[in-house]
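One chain, subunit A, links the two complexes that follow: it is found with subunit B in the first and with subunit C in the second.
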Partner chain A sequence: MLSALILIPFIGAGLLAVLPNRFSSSQVKWVAIAIASLAFVVNIIVGYQFDPNQISFQFEEVIPWIDGIGFNYHLGIDGLSLSLLFLNSFLTVLALMSSDRDLPRPRLYYALMLLINVGVSGAFIAQDLLLFFLFYELEIIPLYLLIAIWGGKRRAYAATKFLIYTAVSGILILAAFLGIAFLSGANTFDYETLRSAGLPFEIQLVLLIALLIGFGIKIPVFPFHTWLPDAHVEASTPVSMLLAGVLLKLGTYGLLRFGLGLFLEAWSYLAPWLAVAAAISALYGASCAIAQQDMKKVVAYSSIGHMAFILLSLAATTRLSIIATICQTIAHGLISALLFFLVGVVYKKTGSRDVNQLRGLLNPERGLPVTGSLTILAAMASAGIPGMVGFVAEFLVFRGSFPIFPIPTLFCMVGTGLTAVYFLLMINRVFFGRLSDMVTYLPPVGWGDRVPAIALSIIIFILGIQPNWMVRWSEAQVGRLIAPETVAQVTVLNPKGD
Partner chain B sequence: MNDVFVQTCWLVPIYSLIGSVLTLPWSLGLVRRTGPRPAAYLNLLMTLFACLHGSIALSRIWNHPSQQLVFDWLQAADLTISLSVDISPVSVGALELVAGISFLAQLYALGYMEKDWSLARFYGLMGFFEAALSGLAISDSLFLSYALLEVLTLSTYLLVGFWYAQPLVVTAARDAFLTKRVGDIILLMGIVALSAYGAGLSFSELQSWVETSPLPSGTATWLGLALIAGPLGKCAQFPLNLWLDEAMEGPNPAGIMRNSIVVSAGAYVLIKLQPVFILSPIAEDALIIVGTITAIGASLMAVAQIDIKRTLSHSTSAYLGLVFVAVGLGHVDIAFLLLFSHAIAKSLLFMSIGSIIYNITNQNVTEMGGLWSRMPATTTAFVVGSAGLVGVLPLGMFWTWTRWFNGNWAVSWWLLGLLMFVNALSALNLTRVFRLVFLGDPQPKTRRVPEVGWPMAVPMVTLTAMTLLGPWVPQKWPYWLSATAPLGNAELPIVRYSIALIVASGLLGCIVGFRLVLRRAWARPLKVWLRFFQDLFAYDFYIEKAYNLTIVWAVASISKLMAWLDRYVVDGAVNLVGLVTVFSGQALRYNVTGRGQFYVLTIAIATGLLALWSFFGLN
Partner chain C sequence: MDVVTLASQLNAGTIIPEGIVTLTLLVVLVGDLIAGRKSASWLPYVAIVGLLGAIAALFVQWNGTSDTIAFLGAFNGDALSIVFRGIVVLSTIITVLVSISYVRQSGTSLSEFLSILLAATIGGMFLCGASELVTVFIALETLSIASYLMTGYTKGDVRSNEAALKYLLIGAASSAVFLYGASLLYGLAGGETQLDRIGIALSQIETPAIAPVVALVFVICGIAFKLSAAPFHQWTPDVYEGSPTPVVAFLSVGSKAAGFAFAVRMLVTAFGSLTEQWHFIFAALAVLSMILGNAVALAQTSMKRLLAYSSIAQAGFVLIGLIAGTESGYASVIFYLFAYLFMNLGGFACVILFSLRTGTDRISDYAGLYQKDPLLTLTLSICLLSLGGIPPFVGFFGKIYLFWAGWQAELYGLVLLGLITSVISIYYYIRVVKMMVVKEPHEMSETVKNYPEVSWNLPGMRPLQVGIVLALVATSLVGILANPPIDLAKASVQRSPILQASISPAKEVAVSRFAPVQSSEFRVQN
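Now for the complex of A and B:
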């Protein structure tokens, strides 16, 4: 079942790559969407069969691969992975839908987009450290090519920067994984086995620091973040959506699963520093965002600020804060994807993303009124206005982290306050005021440019009003993650059994 | 009490929300054939439903104790958040007040916004606004109230920014949102802390939690101050007071709601939080100090304004300051009464000036005059509203202040002084505006002004009647405005002659207002010290400039500095590493000469170094 999640897009990518030339770009697009939707449907089936009350991994598949070093093809999911899997397959469909209809080299483009899906899904369900690493690296190559081929003016610079940063991140992660596998003497990369490895504290610390930097680059945390704004600015809209929506989540997922999961002792030792790093990152991202002139950069820096909340709640390591991690991951994935999509629409219609040039786009006759209204909505969701998913997630993050790290939490809340500042400044300049003469008579926004935004907005609202649908998947597994010795004590948390 | 209407009280906010959602086809331009009017009618209908449902529920629940309806909302790990709704005469009464004033304001908007092409969007926003307000009225959960306050912040932003093409509106909407947001975020900090310290987040639980509270006094103080911040921003109290004044750029029917009910919503939450403030005397003192400063300062600012809307908006801040003082002193019933009397009188005043603005498309009072004979209904509304505000015998504010001093409450002389000051300046200001607008010779812009049409006149006259009848409410239905004590029984006043003194202060204000020399075309006084004070008050004590020079400047420069650091230092370092790599590679490539001897030499040296290192370094 889980292999299908990897194989469908993988085979689909291969299929797309060898599609005959006479298929037009938009036909290729529809084939790609169909394949991604199939993966999404499989995901829904998995979600339907998933039992949220069961504590251990489900749908496990084990195939021995390289016996000599104990490397297995081992898949399995728990609630933490499941919600992220959903996010990934959903956003892939939307990103494919929002791709331009007449792209150059469509077959390569859509094949690469599907390959990203393979990499991310695989990483979320891999239960073997090396297998995770393989998928983690797999996703880098298509992304590099997507930025380098279909990017903006400085695409070569941005793509290379992304590649080098992520490669360094990969090396550190690999080093840490090899370290734990060899130093523990277990001769296996199996996640469950290594969890009980019980390494000495100093070794844990060294390995954890390698992991922290490795995943810290991916999240990204200040000061390892500079690849992100460049990559976002140069990437095309769908790639930005995937990058912000799911790829950054590999970093937080990695920290949660491997950093916290494998090195709990060292993790709690470093946690206060992580909380401080999160607060710095949140404020840094927010204050940089205020000064940006490019709409995409505003959103990119806001991503840095909001991803820091995830780090904060990871550092707190309470049951509530781990649940909050998942919520904030999903919330940020949905909201940032929506924001990047809308900025992309503005760019496509006006040819500019400069907040000093654009003005009055809310104009109902000649502007982009629906896009503008949706942008206001997305900005408010990001700023944590209740009724939308961002509020629930941030409230849980703050409520979960406050008892452990009150001061960093308060600073992160200031970061939330600043979110409103930079988004409002952007909206006020771009959408309010009189329509600037430069951008009059814009091409009309078709339904193709609205559907992904409306779909995202609806999900943002639904999860904001009914957050239980987001929380219930991971309730049971969280306790096990942060306190491995007390597995027996974790009772079924949802006695109503919905 | 298992009455259907009472049990489904929580539906009332949903009605307005449905109305708001129903306007979407028109506001998005999907339906163009009918024009935007049907959206307005739908919203009026939904608000009427809300009114009717509310009044039936109110009549059924009369003389019954309050009850809570609890809805489970979120369950995550050890945190359970439930949204509870409080059904009591107080809350359902507030609900009814919201629905009633909202209905009148929307009816009024039918005339006022007649020519606006995005009428549907306006009604959608008003419905949204009303939903949040009526939700607040019946909410018994601090969490829900916080959420609704934030929604109010958002809808204020959208309503103030309704005419988004005008430059002043753009800044006004931004300032309104950000100022309130500052308060909201600090309130959120307070709520997170409160919840983390183990308090249940419903108001009824808070009370019992406070009684058994284990908090140290320092924490309690910070907590109290954080909880004050939210209402502080909502009620436009110093130092977060300027947004209300700027928000006057928005459409007037929303201004009616904003100046009467929205500011009251903040105070309503404050009143419900009052048990927490008992924990910390500093928080109570802070309430009294903030309220006093705002009451005095805003009264002075109002006197110097020439924009007709702003003359009234500052006075809103001043009266809400009195409410803060009342809450700080623990006089919750008085706070309710003040809110009620102020809300009705202020919304009437705003309807009255709205009619003037609608007819002469101008807001500058020095360009008006002689309107009394041309707009009799409007004039009556203004006079009645003013009388309701300053405490003239049979009207609301008079009874409120009488109650405050009737001996049930511990009051002192400074409070009397404060009330006299606010009352005198309020009377002076209203008299001044009345003279400029309604008396005197007609000015060029006011010469041929008709009375407004029925969509605006009907709600205005209705509200005039309501203001006149308002004083009977606390007499006849004491439970509406007070959960605890019936207010009727008077005892011996501690401060004697207090009421006489307050009325005298109002009279004094009127007399000064009438004697004041009012110039029109040339409103600047000649004396330097007078000019100084005029500027000081007219520019709101230069608070805005102070903000621009401090907090706004700080945020702007820090963010510029950060962006610069990011671009040139952090990213610069990264690029430097890149450059170093490239250059060292470039330099090293000259070593690839193709000569075997050179390679052998390199290998020999490296091996030698390794051998040395292993020999000496590893023992």
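Now for the complex of A and C:
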């Protein structure tokens, strides 16, 4: 069952790559959407059959891959991965839908998009450390090519920067994984086995720092973030949606699953520093976003700021804050994908993303009224206006983290406040006022450019009103991750407390 | 000594694979003499059939008797040598496949080329099993001299002549150094030439003596030249750039594999008592090779020079497994060479095809190739990405296994360096991929604009296509089906007595000792 989630897009990608030339770009697009939807349907079936009260892994599949090094093809899902899996399949379908209809070299493009889906889905369901690493690395080359071929003017630079950063993050993660597999003497890469390995504290610390930097590059956390604005600005809209929506989540998921899951003692020792790093990252992202002139850069820096909230609540490591992590992951995935999509529509219709050039796009006759309204809505969601998913997530983050790390949480709250500032600045310039003479007679926005945005907005509302649907799979699992007895052990080891 | 004992001591059945290759060599030579120029159409297939026969013979030996010592101890056909001989023969088969059209286009005689290539193969095969100094030297020289001849094979090309001369001079010098080391060993061991007896003799030298170390250094010079490990790599870029590309393909895989087999046997049997010293020297070689190979490759503009530096770097990676000196260490060397065989030869096959169609090797000339030749682009991309260690290709698994073995043997520094330099390597491999795939049609290079219509019907093109597809399939799939080859590699290590004797018990103890220590520490903390 879980293999289908990997195999469907994988075989689909192969199929698309060898599709005959006579298929037009939009036909290829529909084939790709069909394949991604199929994977999404499988995902729904998995979600339907998933038993939220069972805390061990479900739908497990184990096939020995390389006996010599204890490497198994071991898939399984629990509450932590299921919601992310949904996010991934859903956003892939939307990203494919929002791809240009007459894109050059469509077969390669859609094949690579599906390969990214393979990599991300695989990483979320891999229960073997090496298998996770394999899928984590698998997504690098397709994304590199997607940025380098279908990107903007400085795409070569941005793609290479992305490649180098991510490759470095990959080797740090691999080094940490090799380290834990040997030093525990377990001679296996199986997640469950290594969880009970119990390494000495110093070794945990070293390995965890490697993991933190590795995944910190991916999230990204200040000061490892510089690849992200470049990659976002140069990538095309669907790629940006996937990058912000799911690829960055590999970083936080990795930290939650492997950092916190495997090195709980060292994690709680380093947690105060992580909270400080999160606060710095949140403030840095927000203040950079204020200064940007490019709409996409505003969204990119806001992404850095909002991903920092996930790190904050991860650092707090309470039951509530881990649930908040999952909520914020989903919320940010949906909202940032929506924002990138809308910025993409604006760019497509006006040919510019410069806030100094654009003006008055909300004009009901000649402007982009629906897109404009949806952007305002997305900005509100991102700023945490009640009624939408962003509010629930951020409230939980701050509620969960405040008792543990009051000062960093306060700083992060300031970051949320600044979200409203920079998005209002952007909206004020771009959508309000008189329509600029430079951008009169915009091409009409078709339904193809509205459906993904409306779908995302509806989900954002529904989950905002009924957040329980987001976390009902995860609650049991979270309890297990920071089980009471381990927490007690941590406090004994670290008598100062956090 | 009566005839029966002599026959059993000769145990000539061990070298049947070599015999088959020699016979093939004779058939190729005589066939050419009888049939003349026309023979070029069928001789390559004779060679391939002969080489496949050798593989079959190796397979029989793998399942065959346990009596592996032949020729009074001069040759050891143990499982280790069988695996390495298999790699050498496989690399020759692919080289033959990809060389037919190249040699034909260069206007030289194909059968002579095949004869020299087969001679080099025989040398390489003997080197994999040679366990006596004289045999070692003869095998080494057979391989080397045949290689010199091949590098200068396109006589009309000035660069080829230059490459041959450079290779000859540096090769002769390193052979001489090796011979000097061998003579020291001969003296130190009191007139013994068999490697195992030399090993025993050296281990009996009690006082710290300088002579064995000098001998070791000299021998390593000879080995490192064959492996093209830095700082003995200087010949590599020039020779790779100048020589005919199929020759480079063989040198980079077949000759290197033979060199590794030779290194394992020589160091493990003869220098067993100096393990610390040779580990130290090889660690230095590995560090230098990884750094230098990967760093200098960044600046290359010629595809063949890029592959030359990449092969230096790859040798550095493989050395990690050798230094680990554990069962999985040696097994990872074998598996990586097996993986390297396909990905590197696949890469070279693509370079050959491209230069056949366009006559150039410059990386910038590959710009926009995606539009004109998808198969070539796909194969070259996958082979290069695999060399860079990108999953799910075979190179990823090879590297993981090597690093795993290295880490297990507590070579943390080397493994970390390997990880870091493999990131650098991704950068230069992807540069080529980017050139081919990313460039827009209007950025296409002049060469690619004039790219001929893709056609496989020209003479010699079908085998090249077979070679490319074979490499493509193997590079993509062997990784996913990695278990059988790794089991094979491990079995070959387990079945080779010389390795079993050397796998240091100390290391196993070190690993197992760690577990109780850590658990007791943990108890204290609790």
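Simple rule for what comes next: the second predicted complex is superposed on the first by the 483 of 498 C-alpha atoms of A that agree within 3 Å, B and C clash if a C-alpha of one lies under 4 Å from a C-alpha of the other, contacts with A are read in each partner's own complex, and residues count from 1 in each chain.
Rule of thumb we're sticking to: a residue touches a chain if its C-beta (ideal position, glycine included) is under 8 Å from a C-beta of that chain, and two chains touch if they have at least 3 such contacts.
Worth saying up front: this structure is predicted, and the values here are computed from it rather than measured.
Once the two complexes are laid over each other on the shared chain, residue contacts for A:V421 go to subunit B alone; subunit C is not touched.
By the touch criterion defined above, A:A148 lies against subunit C but remains apart from subunit B after alignment on the C-alpha atoms of chain A.
Applying the stated contact rule after C-alpha superposition, one finds that A:Q27 touches neither subunit B nor subunit C. More residues of subunit A lie in touch with B than with the remaining chain of the pair subunit B and subunit C.
Look at A:N356: by the touch rule set out above, it reaches neither subunit B nor subunit C. After overlaying the two complexes on the shared chain, residue contacts for A:I171 are found with subunit C alone; subunit B is out of touch. Residue contacts after overlaying the shared chain place A:V370 against subunit B, while subunit C stays out of touching range. Overlap of the subunit B and subunit C contact sets on subunit A: residues 164, 493. Interface of subunit C with subunit A (complex): residues 328, 331, 385, 390-392, 396-397, 400-401, 403-404, 407-408, 415-416, 419-420, 422-423, 426-427, 430, 434, 437-438, 482-483, 486-487, 490, 511-512, 514-515, 518-519, 521-522, 525-526. On subunit A, the positions that touch subunit B within their shared complex are 161, 164, 222-223, 226, 284, 287-292, 318-320, 323-324, 360, 362-364, 369-370, 376, 380, 383-387, 391-392, 395-396, 398-400, 402-403, 406, 409-410, 413-414, 416-418, 420-421, 424-425, 428, 431-435, 467-468, 471, 475, 478, 493-494.
Interface of subunit B with subunit A (complex): residues 28-29, 73-79, 117-118, 146-148, 150-151, 153-154, 158, 161, 164-165, 167, 169-171, 173-174, 177-178, 181-182, 185, 188-189, 192-193, 195-196, 555-556, 558-560, 562-563, 566, 570-571, 574, 578.
Per the touch definition, subunit A reaches subunit C in the complex via residues 64-69, 71, 108, 130, 134-135, 137-138, 140-141, 144-145, 148-149, 156, 159-160, 163-164, 167-168, 170-171, 174-175, 178-179, 182-185, 198-201, 489, 492-493.
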